[in-house]
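Structure incoming, see below.
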Amino acid sequence: MRKTLREIAQVIEGDVKGDADVVITGISGIKEAASGDITFLANPKYSPLLATTSASAVIVSKEMEIPPAKNFIRVANPSLAFAKVISLMNPDEAGHFKGIHSSALLGKGVKLGKNAAIGAYVVIEDDAEIGDNSVIYPGCFIGRMTKIGSDTLIHPNVSIRERVAVGSRVIIHSGTVIGSDGFGFVEVDGRQHKIPQVGTVEIADDVEIGANVTIDRARFNKTIIGRGTKIDNLVQIAHNVVIGENCLIVAQVGISGSTVIGNNVILAGQAGLVGHITVGDNAIVTAQSGVSKSIPAGAMFSGYPARPFLENQKSHAYVHNLPKMFDLVKELKKRIEELETKLKSKE
Amino acid sequence: MRKTLREIAQVIEGDVKGDADVVITGISGIKEAASGDITFLANPKYSPLLATTSASAVIVSKEMEIPPAKNFIRVANPSLAFAKVISLMNPDEAGHFKGIHSSALLGKGVKLGKNAAIGAYVVIEDDAEIGDNSVIYPGCFIGRMTKIGSDTLIHPNVSIRERVAVGSRVIIHSGTVIGSDGFGFVEVDGRQHKIPQVGTVEIADDVEIGANVTIDRARFNKTIIGRGTKIDNLVQIAHNVVIGENCLIVAQVGISGSTVIGNNVILAGQAGLVGHITVGDNAIVTAQSGVSKSIPAGAMFSGYPARPFLENQKSHAYVHNLPKMFDLVKELKKRIEELETKLKSKE
Amino acid sequence: MRKTLREIAQVIEGDVKGDADVVITGISGIKEAASGDITFLANPKYSPLLATTSASAVIVSKEMEIPPAKNFIRVANPSLAFAKVISLMNPDEAGHFKGIHSSALLGKGVKLGKNAAIGAYVVIEDDAEIGDNSVIYPGCFIGRMTKIGSDTLIHPNVSIRERVAVGSRVIIHSGTVIGSDGFGFVEVDGRQHKIPQVGTVEIADDVEIGANVTIDRARFNKTIIGRGTKIDNLVQIAHNVVIGENCLIVAQVGISGSTVIGNNVILAGQAGLVGHITVGDNAIVTAQSGVSKSIPAGAMFSGYPARPFLENQKSHAYVHNLPKMFDLVKELKKRIEELETKLKSKE
C-alpha cells in the first residue's frame, strides 16, 4: 500500500507541514521507523525523538513544537489519527472469511443472521443465535441457547457454554472460555460438594476479550461485563462478578466471586481482588496489587494489602530508610549511655 | 419450574415455618432475590438481611433467629440444602448429549464404556479408554493409552495427552491441558537442552479442574491430583507435583515442580509455591503469597516470603506504624541534644 | 525396555564402576528409585543419597565421591547423560503420527514440506507453509500466510494466527495462542478505541513454548522470541516484546508491551514486568517480583518494586527486626525520661 502524505492527511483531517507529496509505504513506532514510514508522537515528553527519527513523516498534535526539516501532519488527536492510518494502510486486515463452512455443525433451532460466517469444525448447539455479519473462526464451540450479537468476531478455538449472551461488535480472542462453572463448593463432613452453577454470563456491546481468558458463569443470576470494557489475556473473572463500562483489565488480573467493579476502572497487570468487594468508578489498581477491601471511586490503590497509592509509596520510602534509621537509633543509644555515665559521675 | 415450599422442604428434609403453599419459581442470592425466589442464609453475620430480602422463602439453619413475617425452611445445613434446591429447580442442567457423534475419531483399540457420549470433532487416539456414562464434549483431544473413568465430564476443547489417568466423577472445564511436558532443561555449553518428560499425570476420583488450567506430566513417575481436590481456573501445576485429597486450589495459583501438598489444603488465589517443598495437611496459604519454604500441617501462611499469618500481620502493623516511629526517634534525638547541652552547661 | 549398564554406558560415553551386567528396566529420581532403576546425581549437596538410594545404578560426575557397594556410570555431565538415557529407555516417545489426515483442511497455496504430518481437524489457511518433518496435532489452527519451519512439533488445540513466523525444531504445547491482537486502545471522549494490531510474531529456532501461553502480535513490526528460549505454561507476552536467546521464562510470568529482554535471562514464576523497559543479558528476576524499571546485565532483582537481590533481602531483614527495634526505642525513651528527671532534680 502506497499513499502520499497528502492523501493520508485528507483521511485524518490534518494539516501537512513539509512535503505533501512524499510517498508513505509503511507504518512504525517512532524509534524503529525507517525511510518511507509514517509514525506518530502523542506524548510531548518524547518530543526530542522528532529530531532523530528516520520516519518520512510524523503525526503530531496541533500544539507540538516541531523541528523544521521534517514532514508532519498536525491533528487534534495524534493517537486516534494514527489508528486510522494503520487501518488505511492495511485494508486487508478486516478480510475475514465468508459463508458457512460445510463442516460447521448447527444444532436444531440455530438462527444465523445475515452474512454470519461460520468456520470449519465449529459446533453450535441447539437454539443458539448468531447475529448479522458475525464471524466465528474454526474450532469454536457455542453452547445451547447462547446468543451472539451482530458484527462480533470470535477467533479460533474459543469455548462459549450454554445460555451465555454476547453483545454486538464484541471481539473474543483464541482459547478463551466463557461460561465455565464458578468455583463453588460446600464442605459437608470433610468433603467438598459442588454447588451447581446455574447462572450465566452477559457480555455487553463493544467489549474485547483477550486470549485464554476465563469468565465463569454465575452461581445464579449473571456474571456481567459492561459495555466497552477491554480485557487482556489470561484474566480470570469469577462467578457473579459485575464489571462496569469502559474498564481496562490488564493481563493476568484475577477477580474473585461477586466483586463489583464500576465504570472506567483500570486494573493493572497481575492485580488480584478478593470476592464480595466493590471498586468505585474511575478507580485505578496498580500492577500486582492485592485488593482485600473495597476501593472508593476515583482512588488509586497499590501494594499488598492494597492501600491508597501515596500511602503505599510513603510506606515503601520508610522501609527504604530503615537502614539509616537503625543506625540513628544505635547512635542515640550510645549518646544516652554517655549521658548516663556523665550523670552518674556527677552524683 | 414451579414448586411449593412444602415440596422443596420434603426434598431437603426441612421444616417449613410460614406458608408452605407459597409457590417458588426461581432461585437467587439473598440480596438480589425477588418475589417468587427461594434463597438461603448460612452465615449468622448476615442475619439482618432476613428482614429486608424480597425472597419468598429463605433456607436457614435450625438455630438461626428469624423474623416473624416471612417463610423459612429450617435445615441442618443450609448451604447443602440450597445446593439440592438449585438442582431440583434446574433439572435440565444435567442434560448432556448422548451417543457417539459421527465425526468423533476413535483410534485403534479404543474402549468406550456403556453410555459414554463422545461429541463432534473429538479425537481419541489408539488404546485410550473412556468409562461408563462419561461425556466428552466437542473439540477435545484424548491421547494414546489415556484412561478416563466413569461418570466423568469433559467440557469442550480440552487437551489430554498420552498415558494420562483420569478418575471417575471428574469434571474438567474447557481449554484445560493435562499431560503437557514439564518445564525441564539442562544447560550444556550455554544452551538449554530438553529433558524428556516421560512420566504421566494421575487424577483421582471426584476431582474438578477449572478452565484453561495446565497440569504438566512428570519428568518420570507421576504428577498426582488427589481424590476430591478442586482446582480453579488458570492454575499451573508443574511436573511431579503431588496434591493430596480435598484441597481447594484457587484461580491463578502456581505450584512449582516436585512440591508435595497434603490433604485439605487451601491455596488462595494467585499464590505461588517454589519447587521441592511440602505443605502439610490442613494448611492454608493466603492470596498472592509467595511460599519459599515448607509449611507445617495446620498452619496458615501469608505474605512474601510467606510466614505464619499472625507474624506477617504483625510485620505489616509495624511497617504501618513506621511514620510514628520515625517521628518518635526524631523527637528523642532532640531531647538527647537538649540533655547534652544542659549537661555541658553544667560542666 | 531392558538394557545392561554396559549398553547404557556406551551410549552416554561413560565408565562403569561396579557390575556392568546389571539389567536396567526403568528410570527414576534418586529418592523414588527402586531396584531395576537407573538414576543420576548432579548436585554434590545431595551425595548422601548415593548411600541410601535403592536404584540399581547411578550416573555421577567424574569427580563425585562414591560409596563402594553400588553401581555407577561416571560421565562429564550427569544431567545431560541422564537425559540421553531417558530417551534411550523410551524409544516410543518420539513416535508421532504420520501423514495428512483426511479431515485436515488446507487452504489455497498451502505448502507442506517433506514428511510433514497434519492431524485430524487441523485448519491451515491460505498460503501458509509447514516445513519438513513438522507435526501438527489435531484441532490446531494455522492462519493465513503463517510459516512454520522444519522438525517443529505443535500439540493439540494450538491457535496460531495469520502471518506469524515459527522457526525450526520449535515445540508448542496445547492451548497456546500465538499472534492474538495486542492490548492497544486509545481513549477518545471517554471510550476506548481499538488500535489495529497489524504487526506479527516471530519465533526463532529451538524455542519451546508451554501450554496455554499467550503471545500477542505486535502493533506494528514484530513480537520476537529469540533462539533457544524456553517459555513455561500460562505466560503472557504482550505486543512488541522482544526476548533474546536462551532465556528461561517460568510459568505465569507476564511481560508488558515493548519490553526488551536480553540473552540468557531467567524470569522466575509469576514475575511481572512493566512495558517499555529493558532487562540486560544474564539478568535474573526472582519469583513474583514486580519489575518497574530496567535491569542491568548480570543483575539479580527481587521484590516489589524489584530491587537488587541483596538490597531487597536486607530490607526484608530490617523489617523482620522491627519488633526489636520498636522495643529498643521504647526503652531509650524511658531512659531519656529518667535522664530528664534526674537533670531536673539537679537544677
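In this document, chain identifiers A, B and C correspond to the written order of the chains, with residue numbering beginning at 1 in each.
One rule holds in what follows: a residue touches a chain if its C-beta (ideal position, glycine included) is under 8 Å from a C-beta of that chain, and two chains touch if they have at least 3 such contacts.
As the structure is a prediction and not an experimental result, all values here were calculated from the model.
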item: Same-site or different-site touching of chain B by its copy chain C, using the half cut; value: different
item: Angular offset of chain A relative to chain C [C-alpha, multiple of 5 degrees]; value: 120
item: Whole-Å gap separating chain B and chain C, where each centre is the average of the chain's CA atoms; value: 25
item: Touching two or more other chains - residue numbers and ranges from chain A; value: 121, 139, 157, 175, 212, 234, 252, 270, 288, 304, 319, 322, 325, 329, 332, 336, 339, 343, 346
item: List of chain C residues in touch with chain A within their complex; value: 105, 121, 123, 139, 141, 157, 159, 161, 175-177, 180-181, 183, 185-186, 188, 190-196, 198, 212-214, 216, 219-221, 234, 236, 238, 240, 252, 254, 256, 258, 270, 272, 274, 288, 290, 292, 304-305, 314-315, 318-319, 321-322, 325, 328-329, 332, 335-336, 339, 342-343, 346
item: Complex contact set, residues of chain B against chain A; value: 27-29, 32, 77, 79-80, 82-83, 86-87, 89-90, 93, 103, 119-121, 137-139, 155-157, 171, 173-175, 206, 208, 210-212, 228, 230, 232-234, 246, 248, 250-252, 264, 269-270, 287-288, 303-304, 316, 319-320, 322-323, 325-326, 329, 332-333, 336, 339-340, 343, 346
